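In what follows, structures are represented as structure tokens.
First chain A sits with chain B, and in the next complex the same chain sits with chain C.
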Partner chain A sequence: MAGKIFAVVVALITIVTAYCVIAHVWWMPVDISVHGPKIDHQIEETVLVAGLLFIAGQVVLAAFVFLYGGARNRIKQIPGGAKPLIVFAFLLVGTEIVALSFIGSKAWGAVYFEAPDPASMRVDVQAGQFAYYFRYPGPDGKFGSLHPDLINEGNQNYFGLDTDHDADAKDDIVTAELAIPVNKPILLTLHSKDVGHSFYARELRIQQDFVPGLNIPVHFTATQTGRFEIVCTQLCGLGHYNMKAYLSVLSPSDFDDWLRKQASMQ
Partner chain B sequence: MFAATAEKNIFLGVKIMPATAAQAAVHHAPPQGFIRKYIFSVDHKVIGIQYLTMSLVAVFVGMALSWAMRIHLAWPDAHIPLLGWLSPSGAPGGLMTPEYYLSLMTMHGTIMAFFVLTAAPLAGFGNFILPIQVGAADMAFPRLNMSSFWVTLVGFILACATFFIPDGPPLSGWTAYAPLSAVGSVAGPGQGWGQNLWGLSIVCFCIASLLGALNFIVTTLDLRTKGMTLPRLPLSTWGWFIDAWVSLLAFAVLLPTCLLLVLDRLAGTSFFIPSGLVINDQLQPHSGGSPLLFQHLFWFFGHPEVYIIILPAFGIVSHIMPTFIRKPLVGGWKVITFAEVAVGTLSFVVWGHHMFVSGMSPFMAMVFSVPTLFITIPSVIAVLVWVFSLYHANIRFDTPLLFSLGFVSLFISGGIGGFFLAQPSTDSYLHATSFVVGHFHFTMGLSAIFATLAGFYYWFPKMFGRMMNEKLGKVHFWLSFVLVYCVFMTMHLTGFAGAVRRYSALVDDFMVPLIPANKFMTIAALLLGATQFIFLFNAIWSRFKGPKAPNNPWDATTLEWDTTSPPPFDNFGGRQITVYHGPMEYDGEASVMQTSPAESVAGT
Partner chain C sequence: MKAQLRIAAFTLSLLLVALAFIRSAPTVGASATGQIVGTIKLDGQAPHLKPIDMSKDPACAQANGGAPVAAENVVVGANGGLANVVVYISQGLAGNEGAISSQPATIDQRGCKYVPHVVALNVGQHMTVLNSDKTAHNIHPQPSPTGGNGQWNKSQTAGAGPIDVAWANQEVAIPVKCNIHPWMRAYIAVVKGPFGVSNDTGSFRMDNVPPGTYTLTAWQETFGTQTQVVTVATGKPATSDFTFKAK
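Take a look at the complex of A and B:
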């Protein structure tokens, strides 16, 4: 009896889980990046491969417990002993390693192995407890250098720019929102002013940590206009849950207007 | 307490054979007086029970912390009176602050990972059972063994003490990433003395684990009784033995890592802190350190750690299953043991899969991804052995077997999540989401807990001489099994929707729609926790009022069932034990004890 109950419970758990995944009860938001479809494809492929393994594993477990849980059976080992199981494991998982890892590395490579487009628009991103700030180079196209000792939240000098002596820094535009033009390659440089943070934009399919002491490049191209959340996913302290910024993907003309407006507010 | 000759043999390394002479020399005199017998005892059985008792306290503390967190996530305005009493500043009037949420989360992870999941299956059961299973009178170094426990207990007390200092416990998570954990109280509440105590607590735990691992290795190699060859070792002893090696190599890295962290905090060094950090508008005095170095060192320990937690579970389940399915495992001792060795070895070359999005070179991601996928091969082999051993079995559904079957189901489910997190491309979306939380709770959390519970129900009669109540045991299993899936499978699913972990409130655009799912998980988690009180009641009640246990209540074959329940202080009452068989001599109703000269029934 216990065997039959166990089998039914395991089967029900398997069915409910499979339903939730297949019906996308909770699922990823629509992708808005050029590289995103490759990642989505890889996730779907993994859902298929791993999902079949999940169902097979639970069903065989449930079936054996169901079948051999009741009557006194004549004790027998499976024909062939452990060898077929070992061969099966090597073949099955070996195939999956080839399928997922080697073919799937293209999705990773599309994000990280390709050099950014030289014509990319560059934005400097700084994370600190518990806000992001974004810096555009201004008309001269050059970022001013950073002086941590000049960082002062009170003066709104979030980056530590020396606007008195550094000509490059004078026209830098600092904002609290990341606005970008649609369909234009973007190159972000992530750096942290204090502790570890992360840049997680679900619709862009990008998650990248900020590591204090390192400048980390991230490049992408957004394909749809709209307003999307960027959240922190690296534990950074008490305000971690509330550390976020918005990504505004704008048409080129809207973006130019936005940037002009921001420049006038500096 | 033990003879110098045995020690000499061990250090010269000449006695890696079953050593009856050494064994006879090592056993100690019966303990005298209450303190020697029950408190500062060198008896491995008392030490095993001390470890298990500490873990039992720890697991209920850890569970209470998870309750508070789950309640706060589902009902952010809820007042939890006890919490207000515990920390008037962290939870004024019982209403949790965001920083106190992170403190509870840090301590939940720390207490569960170290003082429950690492301590109970290896140090707890390993201590009580391993020496008996190899036919020894005690561990190789009984006094070292005693100090292992007491140093662990000091670690546990230091961890708990963080709740009672003014700033409260640290909030940097059980992984304590630098520089958040390294710069001191400027980074937030609890990052002052709370984080210091945390570091010292883990240092204690590392020292105790290293001493314990050494003891397990030497005991297994050197104190086996006559006829107890390596192939005749019970699979649980194999699990602990392999685990001790992994433990020895991994804790040897965490120990200096924590010491360096403490030095950065207290001695002004900069191992993990780079220059130019501005925290709270204050320029930090450090320069030249690397936060990524901390992550590499931590995960070089941290990934083997999850196998340190799961390998004893492999062993315990592989040991329990044959008894209740009344047949040997497919492939005998070899297949499952080689799978464990492969898992243990590979566990040292996969740590970078925790760091795919950390800023580590993206090329390195491929290097760590492939061995991570490879480690599924021995894991799948182990699962296939457990599942296909059920073929044509005579299954007896006692509680230990139910929890073992539950372990197999949970381990399969947990392993599936691994496919997503082993690949950098899919991990870059799912990293730091609740998918990861669900995944590791299945694989190393609840799988190991289910195996530990299986072991508890299985060995309880041996440890205390009384049987546990089967009916309550079964109720405990069925409710736990279903509720575990309700909580942690839902976490996997919400992870796909981008639910971020370690958030003390669900205020993001993405998190708000997930509030109903979080309420469901909270209710299931509260019920799951309540279910554990059935277990606690069963254990305490049976300890004093349960029916007397016979020597061998499960018709098992290994040495611990060939002595009284509980065993005498020298385990076999002065008998010379000789072993004639492997540990899995089962053929339906028939079975042959390892010590019986009778003919084999299973041919393994």
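Take a look at the complex of A and C:
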């Protein structure tokens, strides 16, 4: 009797779960990037293939427990033995994983194996416990050198710029918010001030770790205006939960206004 | 014989009266101390300070009405008065520092800033740390490694109770940062003896200064220190003005 209840419960859980996924009850946020559709498509394919196997597995489990559970109906031996079954399982799941990897590499390649547009707008991103700061090169188009020994957060020199002596650094624009123009290719360079962090903008379908010591490029094009969250998804200390910044995708003219206003505050 | 006794009695009573007078003489109290007052000015143009963007923590941004917040590294009021300058006696007061106030100094985390930006207190005087914000803070004083004051940091969630702390050694001044909000900065000046902190008109006042000649030091976080000699007597307050030059 307990076996039959168990089987019914398993079947119910399977049906409810499958429904929630198919009906997109809790699904991904809106995609605002050019490469996003490839990633979303890959996720849906993976969920479909794995989901079919999941449903099949649960149905078989429920059926066997329902029919053969209990002392009298116990199956004494798996027909054909265990070995062919194990080999079959390996082959089935293994093929699925390999196939998904090959097919999924298209989505991966769209983000990582395509060179950034040479006309991309460049922004330097620094992650540090527990805030992000962003740097635009300013009218001269050049980033000033960074001097970690000059970092002084009390004076708001978060990047360690030598604005007194470095002409390239004088016009750099440092902000606490990442604003970008819509439909323009953007190239970010990510570096960490201290430990590992991560840059995760869900709607942009971008997630990239900061690795201390590396300058990591990330490029994308945003397709919709709006205000979105960038959150840290690599545990970095006691303030990790509070570590975020806002991504502001603006029309080109709004972006110019914003950048001009930020420059005047430097 | 009688005359000698009378003389002895009279002398004895004189002695007793004198003793009573001496015993009843008041100890040096508030009525016998002086004051030092003065004005601190900034000569020249205050440096341009970048406003603080608190958008990374919506609770902070909301507490400040969503607008950028002025930085407090150099606060200049009307008529060039320089605020947040700590004035204390650096020489001449040894052994005569007076009682430590039993009132604790307070520093509050409000609007994701430290209020006040500069706190002065005595060695051994208690300090209360409050969090009035709807977000958690982690206060992190960073005293000099060789100064004898220990470095520590403590979290306070929104609505958490106060932290009580006292400092064992003189230090001017201990920088304070918040580990969660990188823009937050304060200074704690731990001194012996009377002290004053200038307000936004640049005026300061030091009370309970025993009469004498002292070297006063004025400290500002950006412009450093200046000294002046001052003589204090009871009655009219002694005046000591300082002028810092903008770079």
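Methods note: the second predicted complex is superposed on the first by the 237 of 266 C-alpha atoms of A that agree within 3 Å, B and C clash if a C-alpha of one lies under 4 Å from a C-alpha of the other, contacts with A are read in each partner's own complex, and residues count from 1 in each chain.
As a working rule, a contact is a pair of C-beta atoms (placed from the backbone, for glycine too) under 8 Å apart; a residue touches a chain by one contact, two chains touch by 3 or more.
Predicted model, so just to flag it, every value in this text is computed and none were measured.
Asker: Which partner, chain B or chain C, touches the larger number of chain A residues?
Answerer: Tallying touched residues of chain A, the top partner is B.
Asker: When the two structures are overlaid on chain A, which partner does A:N242 contact: first (chain B), second (chain C), both, or neither?
Answerer: A:N242: touches chain B and chain C.
Asker: Applying the touch criterion given at the start, work out whether A:C20 contacts chain B, chain C, both or neither, answering first, second, both or neither.
Answerer: The first partner, chain B, only.
Asker: Is A:E153 touching the first partner chain B, the second partner chain C, both, or neither of them?
Answerer: both
Asker: Output check: A:A131 vs chain B and chain C. Expected answer is one of first, second, both, neither. What do you get?
Answerer: In the superposed model, A:A131 contacts chain C only, not chain B.
Asker: Go through the superposed model and pick first if A:D164 touches only chain B, second if only chain C, both, or neither.
Answerer: Neither partner.
Asker: For chain A, which residues lie in the overlap of the chain B contacts and the chain C contacts?
Answerer: 128-129, 153-154, 237-239, 242, 244.
Asker: Quick one: in the complex, what on chain A touches chain B?
Answerer: 2-3, 5-6, 9-10, 13, 17, 20-21, 25-29, 38-39, 42-43, 46, 49-51, 53-54, 57-58, 60-61, 64-65, 68-69, 72-78, 81-82, 85-86, 88-90, 92-94, 96-97, 100-101, 104-105, 107-108, 111-113, 128-129, 148-149, 151-154, 160, 193-196, 198, 200, 202, 205-214, 216, 229, 231, 233-242, 244
Asker: Name, in rising order, each residue of chain A that touches chain C in their complex.
Answerer: Checking each residue of chain A against chain C gives 128-132, 153-156, 158, 174-177, 237-239, 242-246, 265-266.
Asker: In the complex, go through chain B and note every residue touching chain A.
Answerer: Touch residues, chain B against chain A: 97-99, 102, 171-173, 177, 179-180, 183, 187-189, 273-281, 283, 289-292, 325-328, 330-332, 335, 357-359, 362-363, 365-366, 369-370, 373-374, 376-377, 380-381, 383-385, 387-388, 390-395, 397, 402, 405, 408-409, 412-413, 416-417, 419-420, 423-426, 428-429, 431-433, 474, 478, 481-482, 485, 489, 493-494, 496-498, 500-505, 507-510, 514, 517, 586-588.
Asker: Using the touch rule from the top, collect the residues of chain C that touch chain A in their complex.
Answerer: Contact set of chain C toward chain A: 49-57, 68, 71, 73, 135-136, 138, 155, 175, 177, 179-183, 185.
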